[in-house]
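Both of the next two complexes hold chain A, though its partner changes from chain B to chain C.
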Partner chain A sequence: MRLSGAFSKMRRLIRIYRAGLSRELSATAAYRGSLAIWMFGVVVAPYVSLTVWLAVLGDRAAIGPYGRAQFVQYYLGVSLVAMLTGAWAAHFIPEDIWRGGLNQHLLRPWSYLHHYIINNIGEKLSKLVILGPMILIVALGFRQDLRLGLSWAGALLLPCSILMGAAIALLINVCVGLIAFWTSDTTGIKAFYLFLEALLSGQTIPLNLFPADWQGPLRLAPFRYTLSLPVEIITGTLEGRELAFGLGMQVVWLALAYVAYRAMWRAGIRTYGAVGG
Partner chain B sequence: MGRYWRVWRAFAKSCLEREAQFRASLAAGLLRSVVWLALGLINIEILFSYTDAIAGWSRGQMWLLLGIARLGESALSFAFRGNMERISSYITYGDMDFILLKPISSQFAATLRYIDIYQAPQMLINLGLIGYAFRLMGRWPSAGGLATFAVMFPCGIAMLYALWTAVSTCTFWLVRQAPNIVEILDSLYGAARYPTRVFPEFLQFILTFLVPLAFVTVLPAQALALGINPLYPLGSLAFAAASLYLSHRFWTFATRYYTSASS
Partner chain C sequence: MPIIQAMDLTKHYRVHQREAGLGAAVRSLWRRTYKTVDAVNAVSFALEPGEIVGFLGPNGAGKTTTLKMLSGLLYPTSGSAAVLGHTPWQRQESYLRQISLVMGQKSQLWFDVPAMDSYLIQKEIYEIDDATFRERLGLLSELLELDGLLKVQVRQLSLGERMKCELAGSLLHAPRVLFLDEPTIGLDVTMQKRLRDFIRAYNQRTGATILLTSHYMDDIEALCQRVLIIHHGHLLYDGPLAQIAQRYGGERLLRVAFAEAVTEADLAAIGEVAEWQALRATVRVKRAETKDRAAQLLNRFPVADLTIEEIPIDEVIRRIFQDEAVDPHL
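Presenting the complex of A and B:
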């Protein structure tokens, strides 16, 4: 009895996701020009970092675990994974809360979080179509240094790691947005969070190249697990126990982020005054 | 010219009075600026823990370059960003009617009406960073270097103003797309914080001539830190004058295609 209940719940959710995703895809098609420009930004920043690191590398064989080929893998990986695990709900949730847009979500028979998951997946599918060729062009520019660092085990674990990274990033991002229940200006908080993410996720600088005394905190903070870990899997610099530790930390942060989201949502919705009509 | 300066000051004063109501945003804006500056500096520090020079630029020179690049960014945001972002809505909602009716140049009224006063403290912070960079280099700029910088930096800002105006002018035809094109400029600005020589030639060309960010960042920094061929300040002046003239012609041409929004 309980099993069939779970099944019908599942089927209902699949229907909601299918309808939501097709709506999201047609919505994103309307602003494909903007998507292309954003994706240009997603590719340019890692490309610039890569070029600068290659200049720093010069004639040396490697800096830490990174030779030419590894730097190329790393930053091509960043271009792809940063998009796949990106989240932007924190820009929209405060508006929903302050202007009462949340009301319509509260009336729907599925949770507010599903709305942002669907939006996240839908927009990423559209972005992938544009980003893929752009990454390919950059990759062609570095074709002499192009190697595949990914192991068989890595290839199997990579999708898992990206999926967990995307989920952690989205949940934390939603939590940052939900702070709007208690304040009327989240600009400062958002800026600080974006800064931590840009610095500690490996977006600009590979985390292994940070000074030794940063390594402990970097391994514990959630940011490594939203971007760097999948990219490290791509470069093949993670092995055995390190890889297991990383994936374990992703599970831990996923659970923590979900608990934090649930707690903030429950506390926040009690203070919510439903502005507007 | 004197009249336009007086009008601009009146614009600036009204912005100041308006923003005085939202002082909390000032703190948030400052925090944002400080953390991004910190990110840039940490990036340089980590790069220089593995090398003594990037494309011939020392650590102090890279701090200087970052300071100048950020000064350029805050100056551009101070004087232009808010205006350029509004142009598309002027055209969509028909507010361009009132701008065209004013007894001053419509380009002036549309592109220089608002200032972002929150950028003022950030410009000061960036000036401080530039000063500190000279301490790191262990010497002060020469009088010639300062003079060249004083010519080249404003010329660079003028070129970007002209480019930005030209892109925003496309809004007369491409109402929705044009504002987003500017984001390409934002993306490329990240590259302009590094010595241009690091990049392959096609990108050097883009950053110098197509989107002349190097004229705001790398070239003035070079003038200040290392000295530069006198052809560069002269070229900057010519390039700035030409781009201002062309963008103004383009604006005047485009306003003829404006067909108001209502009825």
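Presenting the complex of A and C:
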């Protein structure tokens, strides 16, 4: 009986996800032009970082563990993983809370978090179509430097790491957005979060190029686990215990982010003003 | 047994206040002033299954806040409520499956896609099987004349068309309790009437209980035999619409047609002359004096026809809202 109930819930979940994804794809299709431009930025930013690092590298063989091929692999990895683990809910949730858009979600027997998961997956599917060829073009430009450092173990664990990275990024994003329950302006908080994310996730500078004093905090902070870790797996710089530690930290941050989300949601919903209408 | 019951339902908001200007803006950086707004104060009422009840009040009276508490969007400051046996703000899945809240000024459909895409998600969320979905959508399409609208991006629909799609979307799961907050706001009179007819038909067909707020008395008069009047967060009246005039309309109207022209000055002796056109006039008299004043009219003037009427309900209600001295505990 309990098992059939669980199956029934799962079936419902799948059906809602299917309908939700279909709607998301229709919606993003309506804005495919702006999406392409946005995605162009996703490729361009790591490409700019890459060309800067290659210029700094000059005639030297390597900077730290990064030679020319490693930089190319790293930033191509960043392009791909940033798209797959990226989240943007923090930009929309405050609007939902302040303008009453949250009402429509609260009135339905359906989770607000699931809504953003569907939105996230839907947009990523659309982006893959646009971003894939862009990354391929950039990769072709650097084809002489491409070496696949991915091990067999890494290849097996990479999807899992990307999935957890995406979940952590989304949950942290949702938590940042939910701060809007208690304040009428989250711009500063969002900007600070984006600054930390850009700096500490490995998006701009590979984390192992940071000074030695930084390495401890970087290994503990959540940002590495939303982007850098999967990229490190792709570039093959993680093995054995380090890989296990990284994946273990992803599990820890995923659990912490979920607990924080639940706590903030429960507390926030009691203060919600349901403005509008 | 009531299907909706509110008991001393109260909602107070704490809002930040500050004067306009740069100095006040700077001061508010370290010293913020808050004010408590009493949106709803100890409101109690009950609705029986199948009733359509009008919820009246001026802007800011507490109508929408009450609806939001009853639909589970807001936690009350104090008091309790039971709708379909559930505490609304616990938002249990079994509760949310049986209610709907439609807000005329707020869209629940996704703007970037046709309404049908939103309906298909509703279908899965509420687990409506294909046959039932087709049947309900067919019925709603027929009643609301949705043909051709469901495949158009919601953002490209007119206000009236969007409102019809909103209503259909909120009824696909056949809610037993429907909260309607200004469903006809901003619509032209034809569309208002169509929606009114639809709401009545839906109530008769399904037996759903409906709590309706509207600024249009036509909506209330067409749909509700019973009304709740709320003002400054206090419930002023709970009873038949027809009795509002008797309770609060301290006056009556004598509508009279004359066989010969009569001057306005002569009529002033009977009561306050509300309208005058020589052969036709309306005189406002105190309720208790109606009989005597009518007799005086008949005796003193060449009356061809005389009718005694209650003050129009919208006027009575307008007066209630304007009258700050109304005893909230009446």
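In this text, the second predicted complex is superposed on the first by the 277 of 277 C-alpha atoms of A that agree within 3 Å, B and C clash if a C-alpha of one lies under 4 Å from a C-alpha of the other, contacts with A are read in each partner's own complex, and residues count from 1 in each chain.
Please note the rule applied: a contact is a pair of C-beta atoms (placed from the backbone, for glycine too) under 8 Å apart; a residue touches a chain by one contact, two chains touch by 3 or more.
If you're wondering where the values come from, they're calculated on a predicted model, not measured in any experiment.
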Chain B versus chain C as contact partner of A:F192, first or second or both or neither: first
Partner chain in contact with A:L150 - chain B first, chain C second, else both or neither: neither
Which of chain B and chain C A:V56 touches, first, second, both or neither: first
Touched partner set for A:R12, first chain B, second chain C, both or neither: second
Contacts of A:P211 with chain B and chain C, given as first, second, both or neither: first
Partner chain in contact with A:R108 - chain B first, chain C second, else both or neither: second
Partner chain in contact with A:M134 - chain B first, chain C second, else both or neither: neither
Residue ranges of chain C in contact with chain A within the complex: 13, 16, 64, 68, 71-75, 91, 93, 96-97, 99-101, 103-108, 110, 112-114, 117-118, 120-127, 153, 181-182
Interface residues, chain A side, partner chain C - complex: 12, 15-16, 18-20, 22-23, 26-27, 30-31, 100, 103-104, 106-110, 184, 269-270, 272-274, 276-277
Footprint of chain B on chain A - complex, ascending: 33-34, 37-38, 40-41, 44-45, 48, 51-53, 55-56, 58, 63, 141, 185, 187-188, 191-192, 195, 198-199, 204-205, 209-211
Contacting residues of chain B [partner chain A, same complex]: 24-25, 27-29, 31-32, 35-36, 38-39, 42-43, 46-47, 49-51, 54-55, 176-177, 180-181, 183-184, 186-188, 190-191, 194, 198-200
